[in-house]
């Protein structure tokens, strides 16, 4: 099972802070997005959205997320 | 009687924070300085020393201090 | 000294400042910034504010930020406390303090920390008004503030 | 709100900050500067510091300075507290706080107030070490700091 976390406003777009998906083999961002509706897929793929795989920021396309992994989608921050 | 106040390090130069002098008629800065030793007179006349007559800063030479007045000599400040 | 913490419950910034200034009473000067929950958003009254974080990144990011300040300015100490969770108007959100021998260093470092906590640290903020919850978006002004520090390694 | 005071006895800056932040909890941000008596002067241990003022000018000058800050920056409030008399290492000398909706205004105003309190306000400071009392002279650095604000009316 792959855990997906949606931070900030992505929680509203995804309809909740967390999803769990079964993956037979490690998947790419495109393969994950293919399971989302168009709006969520677009926001997840937006360059302002950062992605953390097991708590480490990843960039580009050379990563895969598989069973037991946690993938977090981090929209632009607004702290302080 | 004219009251003279020496603030900050001028207190050490004057040998105390305050002096009282009898004045027959209102006096100028030069006339006051004539009563001081050379070191104090020089420091009092230095442009970095401000002078307050009855609590109001005066500049230039067109003031006189007389009986009942308070004249304060204010060297460069060091607060905070 | 570096004191970086996420705070889950309402805290007393004046008590934190008292402890920090007692620990740094030889430093000469301490600059602090305290952010409190505002009572209004535009024309609407805010009755609640919520701050979310991301466990694996938020505190390590704040620590790295504090280390950057400590490496650049001659500071005796840095404190950076940030609330998460739900807050009421008037509650403290963020408290930053920098102690230094020279006050200009303390001012610059506190300013630097706040600009980064506002637009680089891993926090997401939403406000609740009569119209419901609304996520706060980063502002152009925050990005411009951040650009001032591009020269700090 | 303007709160300008000369303080004759040791005071608790965190209590003052607690009151100021409670009074300005809708402002968004509060920047403070706290100056404390240092423990050393060069290589010598300082055991006492004394601050003198000049009654007719010192408080009016501080009030005029606070008004200048209030006129220039959109501030919700300004506090400027300054000790006089004899102090021990670690005692609070000066506490400045500025509350503002936008934190950059609060930072700038607090920085402005401190630069002026250091080199324009009517205070004279002397330190006591094993070598006796020594009056503190203004530093070139203080004058340079002040020049940054020449554009503020």
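As written, the chain order gives the labels A, B, C and D, with residue 1 at the start of each chain.
Everything that follows uses one rule, which is that a residue touches a chain if its C-beta (ideal position, glycine included) is under 8 Å from a C-beta of that chain, and two chains touch if they have at least 3 such contacts.
Just so it is clear, the model here is predicted, and its values are computed rather than measured.
Without subunit D, the rest of the assembly breaks into the touching groups A, C | B.
The chain with its CA mean position farthest from that of subunit D is A. The geometric centre of subunit C is 23 Å away from that of subunit D, both derived from CA atoms.
For this pair, subunit A with subunit D, the centres built from the Cα atoms lie 50 Å apart. Centre to centre, using the average C-alpha position, subunit B and subunit D are separated by 27 Å. None of the residues of subunit A touches two or more other chains. Each of residues 35, 114 in subunit D touches at least two other chains.
Screening every pair of chains for touch gives A-C, B-D, C-D. Contact residues of subunit A toward subunit C in the complex are 5, 7-9, 12, 52, 54-57, 72, 74-80. By the touch criterion given at the top, residues 35, 51-52, 54-57, 82, 93-94, 114, 117-126, 135-138 of subunit C touch subunit A in their complex.
Of all residues in subunit C, only 12-15, 17-18, 21-22, 24-36, 38-40, 89-90, 92, 103-104, 106-107, 110-111, 114, 145 touch subunit D in the complex they form.
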